[in-house]
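You will see subunit A twice below: alongside subunit B first, and alongside subunit C after that.
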Partner chain A sequence: MPPAGIPPARALPSKESALFKEVLHYYEDRQLKKGLKAADTILKKFPNHGETLCMKGLILTHMGRREEGLELVKQGVRLDLTSHICWHVFGLIQKGQKNYEEALKSYTQALRFDKDNMNILRDAAHLQTQLRHYDALVETRHTLLRLRPQLRQNWIALAVAYTLSGNLIEAKHVLEQFERIVKNVPDYDVEMSEVLLYHVRILEDLGEHAEALALLDSSAKSRTIIDRVAIMEFRARLLSKLKSPEAQQAWQGLIEQNPDCYGYYNGILANRGIDLDAITDETRGEALQVLHDFSQQFSRAAAPLRIALTVAVGDEFKALIESYLRSRLEKGIPSVFTDLKALYRDAAKRETIESIAHALLDSLAHASDAPCPRSIDPATYVWTLYFLAQHHSHLGRHKRALELLDTALAHTPTLPELYLFRGRVLKRVGDPYGAARWVDQARLLDLQDRFLNTRCGKYRLRAGLIDEAVEVFGLFTKKDAASPAQDLEDMQSLLYLTEEADAQLRLGNYAMALKKYVGIAKIFDDFEDDQFDFHGYSVRKFTINIYLNMLKWEDTLRSHPAYVHAAIAASRILVRVHDDPTVTTKPASQSHLSDAEKKAKKKAKKAEKKVQEDSKKGASANSTNEDKGLDAGPPKDDDPDGTKLLQAPEPLERAAKLLKPLSSLTKDNLEAWFAIYDVAVRRKKYLQALQALNHAHRLDPDSPELHIRVVDFKRRWSSLSDKPAESVVDVVSSCLPKLIPDEVSLELFNSQYLQRHSSRGAAILAAAKVSRALDAPREEVEATVFNTLNADVELDLETAVAIDAFLSEIQSPREDEFRTACQQKFELSSVFAPREEVPALRRSALQQGIVDGNESKKEEMIS
Partner chain B sequence: MSNPRPSPSRVSFASVTPNNLGTVRKLNAVLFPIKYSEKFYNDIVHPDVEDFCQLIYYSDIPVGTMCCRIEVKDGQARLYLMTLAVLAPYRSRGIGSESLQHLIDTAAAHAKPKISAIYLHVQVSNSDAKRFYERHGFKEVGLYENYYKKITPHDAWILQRDIQPVKAPEGK
Partner chain C sequence: MVSIRPARVEDLMGMQACNLQNLPENYTLKYYLYHALTWPQLSYVAEEDGKIVGYILAKMEEDVAEGDEPHGHVTSISVLRSYRRLGLAKRLMIQSQEAMATVYKASYVSLHVRKSNRAALGLYRDTLGFTVKDIEKGYYADGEDAYAMRLSLKHLAR
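Entry: the complex of A and B
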């Protein structure tokens, strides 16, 4: 503490001063009760003593009386703005609330009044890492090292800070200095080993390969680096980079260690100048020879065989795939199609696989009602049928797939994979109800298989059966959870949240859908928060290499497909709310509230009541010394159906916040750019909107959704009442004509687009939407849309569903006509069935029991 | 628990449980001309008959079932083999024999209660089945007239095999 210049308001008489030291002491030891008592004694005499108020607030927070504690801390800070204790306490509380920005500000204040406080400096460093303030982090770590150079972790922490800030040369210097002075390292010390590997890594990243290899070799020899696999991997890579003749041997050694690691094969081939991702006719033969030799040497390894399939072409491919496929089908490996799917990008390979699989099937074919000939394995036959069903369905030949599956099911009706895949084919042809029924059959075959259970739940959600889905999910969730849904959310099940949100959206329940999408976004916030503890832990435990990898991963966290999907879908709902605020008050969400939700609501209320009672009890009997920590617990759910969330103010700002990470993380995602545009243009951020259109234009200039938005932008821009800043106008007037020419009318632009893409269903729909927006008569719009049914137009199921939704939106009297036509066009589908039949279809998905009709035909009954 | 045990042959077994009962129902539906009652399904998942109610796997695919009940009369416990069948394409490769042998071995090793015999009914038209059981030491011990009410022929042979209990290991 600063010896002089204590402000009079902070100074305490010696008795209270001693008591205050005790408070600090008690807090450090988590003797909360005693600490509270001592603080109260001081406050009796000096009720306005800021530091004591803060300490009392901190102790109360630890005891679970969070709101009361926070109030006291705020009061304390106001009363003593120059106390490092007050600011430190405030920072601790804010950190507990995961409000890292504000916490760092408080810590910075605290450091102004006590610049060499180790605890505050260390906490500040963690916050700076979390917030990626790397230059400031270097400063902080420097100060810490200056204060305590004898602590090893302070050296490492500084090197890490330099690495993160991109200054590898300084990081290298720090490590060199550290290695010179460090003494008394025990033999086989894991921590030192990690530090040296980190050093090698920095040298490698700096391009100093010879130095890196020298350090690696000497450390390996002296056994100061003890991670054997890491030594071998670093060595092989460095030798390759140095073009050393020893490299070949090093890679060979790695493959002998683990012949199923793809990376090693990439390495050994790259070392010979063969790039596996860009095989040419010159390199192909050599690559295949190398892979062949390894597959001879390691007969049990799959990697060299599988890589060879990617490399080989023509007859060589044929020879390789034949034995590969046959051996896997004979072993009954269910995933063999998934394994080979990547090869299907090559049409020739696709056809080879098809002809080989069919030849195999022909050689295995036998009747399903008689013993199979001894020379044939009936199991191989079933797996071959299964493989071919997947093959044909993948290529869009769903009818063929269904026939193959029916043959397989008549032969072996007990294999869950067959039911599961039959469900999947039905899903693909637009029959979500039949799909759910078949997947449920698979589940009934083995009730303790969680994979089958989860699939069944997912397919029920796809069929709009939300309660029934939650019911099957509930068979595997914790029994003491508030509801299965709550448990799955607590377990961060992205699959469940995504599927339920999508299902709610399809049912028009925006509130619930938004709630689940936001739930997904929250999970990613949690992932981000979770790294916090590692800023201290990893440096203390010297697990630096993996820590640096993790930080890099955290920076791209929200490129995860579940986040991208949730952010886009949520932003669409919020845009809708902005365009038509009445959707938030439609009673739909209430009446849609299903039984399960009602039950969940009741249960949640009960649980909440209990929590309140508990906290009351806790407050009245605050004699417990139990430390509840500084992290705020999960907030209680006071919005079980999402209505409040949907009605909350500033929908566009919330949407923009969700979409923000996408603009840098998912540059190749058209949908993301459209979502960003939709929000930006409504927030009157014209440059951002235009930029999004430009990005989309670069990805696909003919995209139907882009066409809609280009026209939308032009319309909004030319009807602006108050002109934006001149700089904005300049940019827009120079960029916009590249997307849409100035001289043509929007109507003409639209009809030109339609003409260019008159055989693409999605493009026709886009043109229809544009003419609708341009106030064309409804009959004309309908006529355009109905062109999608022409024989020469490519119309996929998804687009057909979108067209139906559009017709419904414009209240077209021709919607039923369109649905009937689609039902004929997509003959296996059920999504275009007359609306009044939907409830019956849904019920049909829930057919109980596993055995069908033939059971009831049996006369004989044995009891 | 219901995972088939690894076996040097491709045949393996797993006890019938409430979880895999769906598979048993599916097999019974295609294997027998007879409908089984809910009581049947309740009985076969009882822990007492766990060893004698088994799913039969071939290459890890369920291809058959084998279900017994224990009947105690005059202090003698006998196994009544209610069902034993394998899907048609998987027949004639020894799966049934292996299963029946497995059952006989299990019965012989069973201590509480000791099993004195296994018996079953075979429809008199099914001489293939009769020969199959005779190969495994079963003998015709009687004829049950009008055993089947609805399917013809109505009569059934009663086949039985006595079980010699294996000596329990020393010290037990």
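Entry: the complex of A and C
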């Protein structure tokens, strides 16, 4: 309800009123000192003038005095609750703190008292978009258009609002009207071109393909749409949808423009009724003919040849792959294996490739102590060995792969790819120390190459050599950053944060691990914030299609594997903290370090702290009159060890918050459902917990992790002292028996599961864990676990490591026995080595120079 | 199977990851968004099975001096080491240049390259036909000089 008149507390006599106007002008021009002075003059006489207090608070915030500023603004609002200026300022501050919900509330209040204020309306529109309040957005954009219909953006913004709220028909009407009345569009105008492409897209999304095509064609002809690639892509798609005979030509044109784009080949074949993902004997011949013609027309493009390999079978495949593989090995293309890897799903093709590659190798092989015969290209020989090594390792034949690599290395010790891949194979067989060492060798061959450097750092992290990894990364991070870790985090390196978090977790350093996982979550928060400025920007630039795509991408942002992994891992740590609060006070694991290493670590930590403090000092010494803007800026790191984070209250609530996006974005992720269960059941949200189990059951009813949790749920449910609500009891009583029959005892259920899956290592471990939870004697649990070593049990490295961790957790005296047995079973691994050997293994990972005959040769290369 | 196509918003994180692995000049995601949402036609990616193995991040120069013609600028271009020798950088560059000329009527495209980066220099000068316009001393954060290079796009004008 608009106020009847200006309230007495707001009105100022003419002198102060003029001063207030000056305050507003000074603020707009960011002359902060002058604005502050003028505001203080007013406040001397009128200390309770809400609007002046708010403006002063706003100016102080800009000067970096944020807490003071916020206090004044809050005061000012309280003193003048019907002032649109006060609410607008409050909204600005809240927006700067990224508190969008509250900011929108403030803006909405401001609009109550000045409903046609364009600035407030525009800011409100941006907030409504950010918060996905699309219906309200339509209203706001309508108002803005009504107030200023001469501004082109206002038309487009309204169309966008309609589009977002799902009303494509209205969006279309707005654009039609806009195009009718717009004047003075210059020739070849990029902005108009984008508007028209947006219009075409709306028509396509409405299914009005003929209309879309008509608009597209006439605009292309009149050169009002000037994005050639977009025109051609739209055209081809629309013509295909209309089943027009012109479609073929349209796809052809796209391929001519870019013969390396797979989508175009898919399109042209789909247009002929050929589905590349479902080739039949009928369609195969035609597809191969089309692809063959293209490979002739575009001899430099790999795409038609490569797609043909997917399509062809039998002898035809053999002929094609032979020339394809041979030419690439002769050219020395490192990626030929990853290129062909997708074909390996077909066993026949896999075997054909293997025999061809070996035949090629045989024809190139020559004695290693004699010089290479002239008829043989030594490079081809090495690349063939490299290819075959990748081939065999991919199929689990790691020893064979290592043999091939060693032959290649003896022949050409200067090729980094060989060292890199040898490291990768060692990683696969469970020797992270050897892996790190070999990858470091690769790095030393080309110190200018950041790719090799990144790999080396990653492999060191995998080996638990955290400080050494950061040291290596530091060779390429900014020298003026507080630390290499800080630079990588500032530049949003998810790879670094994930790998270090995982490494810290493996070492039992929960605080540091949690800190890094939360760091990843923060980066995704930043990604979510990044879109905000574009709500205004993209409308001004008229690049609507990609803007809409960006909003869609933002809506599923946290489905990204890096977020999912971090959220799940962090939640596991927080659950552990809930279950056993003593972990928060356990010091970081140092047992793997020698005394000298511990000392060096302490020294390095001190030095790093000093650098951090120095840089902080530098930052705050800046002039206080500079405009620091409204954005709150990154908070100082007052928790370098992560202990505060680990000890913070309500771990389960924090975990739930991290996991929340996953329940809608990653419905097919088993791990996510287990993480959600673990948190929900401890928060006593039994329906949510049961629902998670149901989702997991749908995905994999025999999952070992599911089995553990089904028993866990039943146990907790049966022993509840506080009766839950009747509605909850009803649901659980009807659903739970589908996961675990009522009449069966937990012990029996567990032994039935064990029997059903007695040849699966992971299942046996799960059954053992359940036994323990049901208080079976330790010897019995151990006996169960040791069954995994039997010859007929399928036991992979990852599960063996998990079993070892479990034996450690239950403080089993048989752990060393298990480790020894695993060392025998996984010959090439180093993860089962006796604990005393670990410091030596760590040192070996950092040793430069390969310990074999190539040693002296290597040193020559490096110097 | 490496495919070359226009960059989409969902590719930007992959481009950022590729850049972080390969080059010391890095940017926050917002800068990638800024390129894509201002000049959506100019950036391209090389993609294999959903992974970004190479990219070109390009723009039109915003500060155009009085009397100077519109021109494009390559902010960053890189291909993962494991995907070299496929001519990806060249293909990415050519697609981007076409778009610069067609959509924005760019007269030429510019870029910076480290004086010591012989491989890149070879690509730009010998394969793509760029010429050195200038030496910008201390251009890079670590103090290294840059060659400011230029390639005319007049041959692509329509």
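One rule holds for everything that comes next: the second predicted complex is superposed on the first by the 805 of 863 C-alpha atoms of A that agree within 3 Å, B and C clash if a C-alpha of one lies under 4 Å from a C-alpha of the other, contacts with A are read in each partner's own complex, and residues count from 1 in each chain.
Convention: a contact is a pair of C-beta atoms (placed from the backbone, for glycine too) under 8 Å apart; a residue touches a chain by one contact, two chains touch by 3 or more.
Not measured: the values here are computed from a predicted model.
S.K.: On the A-aligned overlay, A:451 touches which partner chain: subunit B = first, subunit C = second, or both, or neither?
M.R.: Once the two structures are laid over each other on A, A:451 reaches subunit C alone.
S.K.: Mind working out whether A:366 is in touch with subunit B, subunit C, both or neither, as first, second, both or neither?
M.R.: Once the two structures are laid over each other on A, A:366 reaches subunit B alone.
S.K.: Tell me the contact category for A:332 with respect to subunit B and subunit C: first, second, both or neither.
M.R.: both
S.K.: Applying the document's definition of touch, where does A:413 land relative to subunit B and subunit C: first, second, both, or neither?
M.R.: It touches subunit B, and subunit C stays clear.
S.K.: Is A:378 touching the first partner subunit B, the second partner subunit C, both, or neither of them?
M.R.: Touch status of A:378: first partner only.
S.K.: Tell me which partner touches more residues of subunit A in the superposed arrangement, subunit B or subunit C.
M.R.: C
S.K.: Under the stated touch criterion, which partner chain does A:702 make contact with: subunit B (first), subunit C (second), both, or neither?
M.R.: A:702: touches no partner chain.
S.K.: Please report the subunit A residues shared by its interface with subunit B and its interface with subunit C.
M.R.: Residues common to the subunit A contacts of subunit C and of subunit B are 332, 448, listed in rising order.
S.K.: Considering only the defined contacts, which subunit B positions touch subunit A in the complex?
M.R.: 1-2, 17-23, 25-30, 33-37, 39-40, 58-63, 82, 87-93, 148-151
S.K.: In the complex formed with subunit A, which residues of subunit C make contact?
M.R.: Of all residues in subunit C, those touching subunit A are 1-6, 8-10, 13, 16-17, 20-24, 26-30, 33, 36-38, 40-41, 48-49, 53, 80-87, 91, 95, 98-99, 102-105, 116, 141-142.
S.K.: What residues on subunit A touch subunit C, complex-wise?
M.R.: 188, 190, 193, 226-230, 257-258, 260-263, 300, 302-303, 306-307, 331-335, 338-339, 342, 416-417, 448-452, 454, 476-479, 488, 490-495, 526-527, 530-531, 533-534, 537-538, 541, 543, 545-547, 549-550, 552-553, 560
S.K.: If you look only at subunit A, which of its residues touch subunit B in the complex?
M.R.: Per the stated touch rule, the residues are 332, 366-372, 374, 377-379, 381-382, 411-415, 444-448, 849-852, 854-855, 858-863.
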